[in-house]
Each structure stands twice: as structure tokens, then as C-alpha cells.
């Protein structure tokens, strides 16, 4: 292994682990750095739209945010990327969000149950893949290989959407897998694969793509049984209601679909 | 006892005059700042379902694991950290200031990054981990020992800094006196230095234990999360937060109550007498 | 069986260079003002301060090459440095334990030493519960319990109040007399030095300025510092027979000397007069009173004039003569009460 490879892996790890933080930092600078005439900054209610989105949407939404700002001069898009459950809690606790894009219907339901949003629309689907480290040291080909006790497997914890999906897929395949760890989110799970600490993990296709080739993804038929729907909704108490609806429209538009598809999402 | 304390309090008041409000007001604000979040937890706690939730085996398992690993990590920190503090305080060597700064790295490093760094060194493909596995068949990630390693990594600076401070404050002439009586440097360390800085070591160990007990980021990154093996209370709290915020509150309160009880009893036994 | 040492310690703004010799059983006092280097010399003997040069030889063996813990020494520090976490007995037993004596035997030795210094009933006490005098005795017992060949005492009585000091001083004298090795004691108090030491070495600015038996040093001070310590007026002059020229004044002495000499006389030898006395004593000069202060049972009058001098007079004399600062008086000293010796 050359030093170059090593340092690249380092970067990949950092990118994965700090992905959420980086997303948060991006929203801190308003995503509109260097643009002239930031009138929106002065009157945030009129010129800022705040989007709470699942961490897996970081790449695609950041790009869409730029497009939205370009199409609406003076408007700033602020993102809060994180775990869907955490975001849902922040919203029900009164966080000033305009748009919520969740990684699971269940987390969106927390918000709609509190009458803070209505009629969410499923805009993408995410499918699980088996992620294996470069070189696939344990020679994993299909889902049932994960049941081999010699294969170290990382799964997401059942409490988070990717964990629920993994449990569903494994149940559909009738497999009993004992993981070495139940990670707190999909990025953490992926980190374990990137570093080669585990031989395989069940993560989303989009995450495998975002890892930049450090891990390989293997499709498996049972993933069909555990497709994750991503719902989006403009929030009922959105401070920038009009902008919120326009942002949701952009996500649902052909432009939005192209960007999301490129990130590895399936379109409904 | 109370009467004595009161009399002493009265004497101190008499000698120093009234307590100045410029200190009392920020002090009260500071206390409120630290205590109010706890009050928030207490208010929101689901008292009616508390007994049922506490009886869940997963909770007790996580609690036991937390106490065991935090204590083991504190032990590791004592064994490695006290000598390190001694070297920093008593041996002058080129680059000592740099080493002193390096000791604080785990304080500054986000714990998650610390966990990744540990993986890069001690992981299955890590610099040392690779060799550990090849030579002894030992892998640390995803094991209880891994939890101890992660907690010790994050908590050690608290011990080293407080013990080094105690060593610097201790009068080095006691060590000279011991030398004139024929004590070797090791005997001096064991029989004079250690007892003299014992209060500093206890304080450092308490800080270290508390930090280890609350450790989350480095632990979940390095050791992963598996009930009974690596899932400590903070990890259980974090995951409970995803779906059941009330359960998370209960777990937090349990962790809090147990640690406060342990620290208070230790204080009475070792620190209170001084 | 003796100590020979030349101690050279070079610091950026200070240089200590003293030679010390003492026989076994002898008590040598290093006397000097603060900052003279006495304590540095003591630390150098103990090995706590490294030598820049010189040597320490004890009983014919070189000591300077040994680390502190290997030297056959016992040290009593100025503030005793009793280990606060150990009882008096454990403090005294510490040295023997470090030198390989089994625990029970070390404790027996310690108990015997505490008995000898009269503290048997305080064996279990922590240092914090001991009085200053008791702590001093524990420190002495601790230093002696290792059966050193060289006992080093740094201002052993300085931390004590006047009353305790008197008592401890005589006890210390007894213990030092019983000690068979060499004792080096550092003090700035001439009385301690006179009472405890067989030999004085006066150190000023890192160098030895005078040494000798206490009586000799007290009678014939060689520097202003020593003269002040032993309470004498001291002058430098040039002798020609029984006359000594001190600055502009011709002084009459009983000794017959030639060349550079020192002249000393005690303040009590100075007589003061309002008017010029009739009897024309040989040494008479006009002086101005600079200050008046109590000094024990008498009154010390500081005089300025051709000879700056201290004069001790009775309180009655002060009243009779109505002495006050700024006043002009006549001062006289009988030749028989002066002491002149070669410089």
C-alpha cells in the first residue's frame, strides 16, 4: 500500500465522519458566499429558506441549494443536515425550519402527527447495498455470506432508518446475522468499512457512491423488500412559506430528479 | 458539627466582610447554567413508567458495562498517566513543552475523530493493530477492551493535567529530604511523592472517571455499539434518543444518579477527611 | 577520620568557593549573612547542589562522586521537612528502611531515637500535631537514625521562638557532643554558633573571611560583619608601637605592634561626657549622637565622628546626661580596654 493510497483513505474517512459537520458548516455560511447583493441576509424572513434534511441528502441538496439561490437572487438557503429522527425532534421542539426532507416515513410521521406538516410527498427511494472494503477481503458476494460467523458485519442500529431497513431485508431473506456493531448512523457504519474494520456492512447505495470508490457496493435482490422512502414537506409554520414551497417544487422538478439520481437515489 | 461549621462561617464573614455581589451574582448564574439542564431532564422524566423502564435488562447491562469500563479506563489512566505526569513535572528534557501540549490533544480533538485515529492505529488494519492481530490474534475494535481504550484515550488528559499540577505545587524539598535519607528515586516517588500528591491524584481520577463514564464519540467510533459488549450508557442514550426520547431521559437520569452517588461516597471517604 | 572539602559552585551572578576542614567529633559552624552562600555550601556537601569544582572527602573517601542517596549523611533542614503523611516514628524509621533495614528493626531503631530526644510518647503523632521544638527533635532523630558520618544542620534553631530556642539549643549541644562524626551547621546567629560549634567558618559573598575557634573569632573579628555579630567596634589602622593611626585619629593601645592592624573594643568600654573630661584619657574624641536604642539592660548609643562607634551606657546615664540624637558629646576609651592585632 503506497503512502498516497493511505492518505487518500484518510481523507475519505474524514470526509465520511465529518460529512454531517461539513454540511452544517455549509449552512452556517449561508451557501451564498461571495455573491453580491446579499439583501436576503438583512431580512431573513423574506430571503432565507431553512431546510432540515437527512444526512444522506447532503451532497444532492447542497447542489440543489446553489441552484435555488442562482434562480432566486437575494435568497439564501440554509441547511441543517442530520439524523432524520433528531431533525424531527428539533422541529417538534420548535426549531425554525421551512422544509423537512426525511429519510423515512416514520420520522416524517412524528412531524405530521404534531400537525406541523401535511401531505408529505415521497421524492426519492434509497436502496440498501452490501458495502465491502477495497479488495473485498472476505469475498462477500451475496446477502447470505453475511451470516457466516467469520465475516465481520456492521449494521446500523435498529433505531435509525438504515438499521430498520437492514433488519427488514435480512428478515425477508430469512437470515440471522450477528453483527459486531450496531452503528448510530449510516456514515459511521460506512467508516468501519472504509477502514477495513469490518468485512461487510449494509448501507445505502447513495452512501457507497458518496464514499468516492473507497468501498464497493454489491446489489442484492432482498433489498427490494426494504426500500426506504424519503418524504419531503413544506412545514405548516414555515417562516418563509412561499420559498419553502418553491424549494420543494425544485426538488420534485426534473432538475431535482437529475441531481438526486446522480447521487444514487431511485426515483419513484 | 453544624455548629462548628457555622461558627467558622461567622468568623470568616467577620474577618473578610460581606461577600461581594459582583462575585455572587455571576456565581449564581453559573450554577443555574450548570443545573438547569438537569432540572429540564427531571421535569420531562416519565416518572410513571420509570420503574418498568429501569427493570429492562438492556438498561442494567449498559449501566454495568459503563461502570466497569469507566473504572478500568481510570485504572489504565492511573497506571500510565501518573508516571507521565511525573516525567512532565520532574524531568527536564528537550521538547518538554511540546510533549505537554501533545498530552492535551484528546481534549481538543473531536472524540469521533479521536475514535477514527484510534482505528487507524489499533484497528484491524492499523499500524499497531495489524501487528497485534498477526502476533497475538488480538483485535480491539468491537470489544469491551476497545471501549476501555477509547475511554482512556479521551479521559487521560484530565488525570495527567491534574496530577502534574499537584506535582508542581508539591514542595520538591521533601523529595530532597528523602534522598538525603538514602531513598532511591523510585522509593521517593512511591513513599513520598505519591502520598504528597494523593489529593491531586484522587481529584484527577475522579475527573477521569467522570469523563470516561460520559464518553460517547470515541467509544462508538472505535469500539462500535453492541449491547452487552460495547454499548455503554451514553451509547444507549444516544440511540434511544432516535426513537424514544423519554427512554433517553430515563437512561440519562440513571447514569447521572449513579455517578453522583458514587462520587459523593468517594468524596466522604477520601477527600472529605482532608 | 575527617572532612576535607573544597566547594566551588558557579552561578550566573554568584560564585561560592570555600574550603572546609573538620575532624570527627567536631562541630563546624558556617556563619554568615543571608545570601553569603552558607546554605549552598551545605547543599553541596549533601550533594543536593552539584559542584562546579572542588571535592568532598570524608574519612579519606571521595564523596562528591556519589549521588545524594548513597552519601553517609544526615540532614536537618531549616523547616525540618518532616513527611506530613507519616507519623513521627515513621519519619525516623524512613532512613533505616531506605538503607535496607527490615521494617520491625527500623521501627525499633526509630523508637529508640525518639526516646533519646524525649519524644517517645509522640511516636504516633503526625508532624502537623507537633510543636516547633518537637518537630526539630524529630528531624534530628531522623537525621541521626541513619547513623551518618556527616551531619548537616541548616539553621536548626531559626524556626523556633526565643524560649523554645534556649531549651532546644542546649539539648542540641548535648546530642552533637554525643555524635561521633563530623557536624557542619549553618547559622546566621552568632550565639548558636558560639554555643554549638567547636570551630567557626565565617562566609561572606561566597568566600571564607575568617575561621577559628569561637572564642578567638569573638575576640578578634576580622570583618565588620563579624564585629557586628560579636558586638565589637572594629577599626583598621596602621600601628607604630602603642599608637595606631585610624583615619585622622591617633589611637592608644596596650599592644606593641607595627604595620596594618585591627583594633577592637566593646561598646561597654566607651564612656560618654557632656563636657570635656578633666582627667584627659588617652583616647578622647568629639562625636555626634546618631541614634539611641535599648539594648538588653543597657542603652546603645550610636556615635558619628572621627570614629563611628557604638557605646553602651546605663539608662541612668542617659537620663543624667540628657542624651538625645543630634547632640554633640565627648567619647573616650581606655587603652587597656582595646584589643589590637595584626590585620
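When the chains are written out, they are named A, B and C in that same order, and each has its own residue count from 1.
FYI, a residue touches a chain if its C-beta (ideal position, glycine included) is under 8 Å from a C-beta of that chain, and two chains touch if they have at least 3 such contacts.
Computed from a predicted structure; not experimentally measured.
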Set of chains whose contacts include both chain C and chain A: B
By number of C-beta contact pairs, the top two chains: A-B
Distance-maximising chain from chain A - centres being C-alpha averages: C
Intercentroid distance (Cα basis), chain C paired with chain A, Å: 85
Separation of chain B from chain C, taking each centre as the mean of its C-alpha atoms, in whole Å: 54
Length of the line joining the C-alpha centres of chain A and chain B, rounded to whole Å: 34
Chain A residues within the chain B interface of the complex: 10, 13-14, 17-18, 83, 85-86, 89, 152, 154, 157, 159-160, 179-184, 188, 191-192, 195-197
Chain B-touching residues of chain C, taken from the complex the two chains share: 46, 48, 67-71, 73-75, 77, 81, 83-86, 94-95, 98-99, 142-143, 146, 152
Of chain B, residues touching chain C in the complex: 171, 173-174, 176-184, 187, 191-192, 195-196, 198
Touching residues on chain B, where the partner in the complex is chain A: 112-113, 116, 119-120, 123-125, 141-142, 220-221, 223-227, 230-231, 235, 238-243, 245
